[in-house]
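One structure is given below, encoded as structure tokens.
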Amino acid sequence: MFGTGLLKGLGVTLKHTLETFADDRGKVPDRYRDSIELGQGRRIINQPIDQEGLLTIQYPEEKRQLPERFRYIPMLIWDSEKNEDRCTACGICAKVCPPQCIWIVRDSDANGKPVTRPAEFYIDAAVCMSCSFCVEFCPFDAIKMNHDYELAVFDRYPQLVYDMEELTVPLEYYAALWPEQYAVEQEKRAKDEEEKKAQDEAKAKAAAAKAAAAAAKPAAAPAASSGGAKLSRAEELKRKAQERAAAKAGGDGESVPSPAASAAAADGEVDAKKARMEELKRKAQERARQRKAEAGE
Amino acid sequence: MATVPPNFPEIKQEQLKPYLHDSIVVPDELQGNVLITTLDKVYNWSRKSSMWPLLFGLACCAIEMIATAASRYDLARFGMEVMRPSPRQSDLMIVSGTVTKKMVPAIVRIYNQMAEPRYVLAMGACATGGGPFKEGYNVVSGIDKYIPVDVYVPGCPPTPEALIYGLLKVHEKVERQSILTVPWYRKDQSEFVPVPRLGADIFDPRQVELIKETTMKKPVEASAATTGGGDAAAHAAGPKAVSGKAKSRMEEAKRRAAAKRAG
Amino acid sequence: MSATLVAEAPDQTQTGTLADVLPGVLGTTSDDTDKAYLVAADKILDALAYLRDKEGYDFLSSVTCVDYQGYNGKQRKGISERFDVVYHLYSTKKGGGHVVLHAPIPSNDTIASATSLFPGANLQEREVYDLYGIKFEGHPNLRRILLWDGFNGHPMRKDWKEAYFDEDSKPFRSRHPKGSYEFHEDKLPWGKNATYPAGWDPDTWQAPVAYVPVSQAPKHLGEAHLDTESIVVNLGPHHPSTHGVFRMLTRIEGETILALEPEMGYLHRNHEKIGERNTYLMNMPFTDRLDYLNSMSNNWGYALAVEKLTGIEVPERAEYIRVIMAEFTRFVNHTWSIGFILNDLGALQTPALYAIEEREMILDLFEEVSGARLMCNYLRFGGVVRDLTAGWLTKARYLANDRLPRALDELDRMLTDNEILMARGRGVGYLPAEDLISLSVSGPMIRAAGVAYDIRKAEPYGVYDRFDFEIPTLPHSDIYDRYYIRLLEARQSVRILQQALADIPGGETVGFGDYASATLSQGFGSIMGGKGGYNLRPPEGEAYARVESPKGELGFYIASDGKPNPWRYHVRSPCYINLNALGPMSVGYKLADAVVILGAIDIVLGEVDR
């Protein structure tokens, strides 16, 4: 009969309205039972699988619980235990990258000899296809997928060509994003390290037996030079952060910022890297807390 | 209701703050009855709260755009639920996907038909800078080569949240504009983008002289015609013909690299 | 498992081996993975006619071309011709494997068109003409299809180089170890991705005028007393109904369509050219972006082709995971398609919103295992990238046993006897089954015309032979049946899912310890990765593997010369080839019906244009 379809359809809508209305009367509505409350109306949504229909996620106040394997743009890991980049500039990620959006310049020491450390590392986010091959093939666990998707910018260049500093995050950040995988990895790394230590000790013993005095001298020299390089690199990073802060302030949209404001911005971000690390750490902690809260429920 | 946090009025007050006048303070006894704001703020608030996107999908990102508009992310929360198929009625063009050379004349035409104020959001790696298909012979490396872009959202494809973040960036931009300085109330400020043409390869009418400089200067190579080699002229072109913008960018990149190496 | 992968080409006939009786055979490539018959170019029509009429190979699946310039393998010893046109034929009656014909093209780059025997060769021959410059004599409408008329050269030829050309094969040397960031745009004076031939003058340039069949359609449709003219109406490329950037040129009289010509290439992303520069593994994430609704089945098709070429075995658990992912994908695609058929019928948004509701839950599952909602990039040669996460199967089982059947019931209840769907769908877009097969149409389209042809049964791959499911067919071959067949197929998918999720071996895994993939277990340090083959070098030869993607037969044709990059990488795309039927199907119906007819073919432009 003509019109029955219409009534049926309206019936569905009415049913859904009544259901959600009834659900809303509860203290914690059933649909939010797996979500994490952050206060101020903010929460991390985790829709229960047996929840009928779909839960509207009111981004930006509410966010979806991302799975651990979520991938967006890669990040580089700064090993905060050893205080060094994990990346050794081996170039495997650049080689497997399907759209070839990774550029690596290998660093060299004072004599021009290449060392296992990148001097520059770029990822063009405007080319990256988030395939995660770089992560799959990195033998040093140095590159991982970031979960941060809030990356929209007003200017493409140079904002979306991420350099090493923008890509680098502390290990804690990674551990908070990928807790399960991090745990497995740490275990494996610890085991490998022990093996290596044992090997090294055996080797050192052999070397010591050969020529103890001769071995000590050259070992000291590279250590000193690498320390120097690290110091100058920190300064360099600092200066670059300043530059970028200025560029970003200048390039933001149409409003022309007053010189004072931009200067203030630059001042505020003098130690951008440090601030960024702090921020990331804070975020990581927050995330860890969320996970804990989730596990507790 | 239980979903509303207990401190809802304070939150609301906080959210209202950006729309109130900065310097004029309302006396305490009138708080709650009188709001003082500026024309700019009302103007921008109304514009950003009913920004209608163009119903326009290109590729993979369009699927995520549909997902954003669907029930889970619900663009209606931003007054964007009506996607207009006609450029005349829309304010925001979401370039969602790979822009190909064959498509770009149509896109530029659509852009020209949009009424001011208009905004362009490049969604995804492809629309931003060519993406994984950048090297392809039929792919435009970023829609910003032809029309001005306001916000870039990287990601391949951006998740719905990432897209909404980009849309909030557009809102941010809108909020910063002033009714006194916006170009669309001025004479001869509105920009008409010349529509690119499809020749032996795509060309921008603005660059005809530049192209002729390269193609016509060299003696005609017979081999280029027979093999159909697309590389003939372009790869032979020296650095002399590099445009000013590209040059400054190159300089910039070189400077950055040099500074780094010095460090 | 590999036994089902490598289906033997049936070379025995009633009268002897095919090589003896096929007209024009020059030889065979017998030591190859996929045995091919070399056929003289001038005898190609005889050979095709023989196969169609005598041997029952009625389905010309794929027509493509290979450029052997600079090929150093031993397969081309003694063959001086540069191009081969390659034909893959199947039988919809007998099922089973394919017959491959290679026709070396003489130096005038001309071969007879197969359109007189198989009208389905139409679009594919145009593509070969566009990208390789091979002329097909007797083709009714030989003009460029993916690029525009006037484009300089034929880009898939090996000596044609792009504007942003780096090197012939990846990885590019400029990226490491001295890979300071460089803008491609800065290498060209005009800062854009374009090259111009020497001596080309943009000022005096005039676009060549191409003959489009609709441009000279009859003035009147046998009704001389009507003093009206038929007009050409252009739909697209920016049109909300065309499911992306697609264009239909229609000649209409009143509202009745006299002729319809599809125009495409607005999303031609040079998948195949990029694929030849890529290594084998690098193509995997690119296949995600072909039919971007169904990345998992695309992955599978490609993985099958490479596994066939290299003889990699897949562990059983991985095979089950593949089936589960592919069937979830099919469900997503079919509900999406149903929603948007309704959208095209004028029921804007509401049915679509309901139809794609469950999709989000499935995408959440995909995201949990692979890390991305759309571009899963989950399969690898010899397995899948990582095992399922803990608790994944429980959720998937809940979906397959409870939610998805319920969602389908709701769609069924709301739509199947809906008046509008009946009124607009019944009898519209009719084309008989024989025509569809000769037009090389595959997938739900032919099953809605009563042909029970499904690759999962006709030439089973993976572990599909272990599941109990049916191939639903419907008799009418109209829009309504094309809608309903998708619902029925989604139900069968749910049925397969229930079985696969119950039978999957290995049980739940905890943590990341177990890998479902054979290659990744040989990992070299990283927890997630392994030598899954970023420098995989298959032996010389070629392979064609196909899967029943939700849209139809998705085939990957790969020719290898033993190097880490494929020599030829071709996608036999079901959407593209199904569009052969769009014109014949729409003629005689109203303009508004053409929109739904297109919607019911269910195309995705990423796969149409590649």
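By written order: A, B and C. Residues from 1 in each chain.
Note that in this section contacts are C-beta pairs under 8 Å (C-beta built on N, C-alpha and C of every residue); 3 or more make two chains touch, one makes a residue touch a chain.
Everything numeric here is computed off the predicted structure, so don't read it as measured data.
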Chain-level touch network, classified as line, ring, star, complete or other: complete
Most widely separated chain from subunit B, with each centre as the mean of CA atoms: C
CA centroid of subunit A to CA centroid of subunit B, Å: 26
For subunit B paired with subunit C, centre-to-centre distance based on mean C-alpha positions, whole Å: 32
Approximate Å spacing (C-alpha centroids) for the pair subunit A, subunit C: 36
Set of subunit A residues in contact with two or more other chains: 53-54, 98, 105, 120, 124, 129-130, 157
Shared-contact residues (touching 2 or more other chains) in subunit B: 71-72, 130, 132-135, 156, 159, 249, 257
Multi-partner residues of subunit C (at least 2 other chains): 166, 180-183, 285-286, 289, 357, 360, 375
Subunit B residues within the subunit A interface of the complex: 1-5, 7-8, 11, 71-74, 77, 122, 125, 128-135, 142, 144, 149-156, 158-162, 164-166, 168-169, 172-173, 176-177, 249, 252, 256-257, 259-261, 263
Subunit C partner contacts - residues on subunit A that touch it in the complex: 2, 5, 8-9, 12, 47, 49-50, 53-54, 66-71, 89, 91, 94-98, 100, 102-106, 114, 120, 122, 124, 129-133, 135-141, 145, 157, 161, 163, 180-181, 184-185, 188
Complex interface listing, subunit A residues touching subunit B: 24-29, 32, 39-41, 53-60, 63-64, 72-73, 98-99, 105, 119-120, 124-130, 149-160, 232-233, 235-236, 239-240, 253-255
Contacting residues of subunit C [partner subunit A, same complex]: 166, 170-172, 174-183, 278, 281-286, 289, 350, 354, 357, 360-361, 364, 367-372, 375, 377, 385-386, 389, 395, 398-399, 402-403, 410, 413-414, 417-420, 511-513, 524-530, 532, 534
Partner subunit B, residues of subunit C touching it in the complex: 133, 146-148, 150-155, 157, 159-166, 180-186, 188-203, 205, 207, 237-240, 244-245, 265-270, 273-274, 277, 285-286, 289, 292-293, 352-353, 356-357, 360, 373-375, 605-606, 609
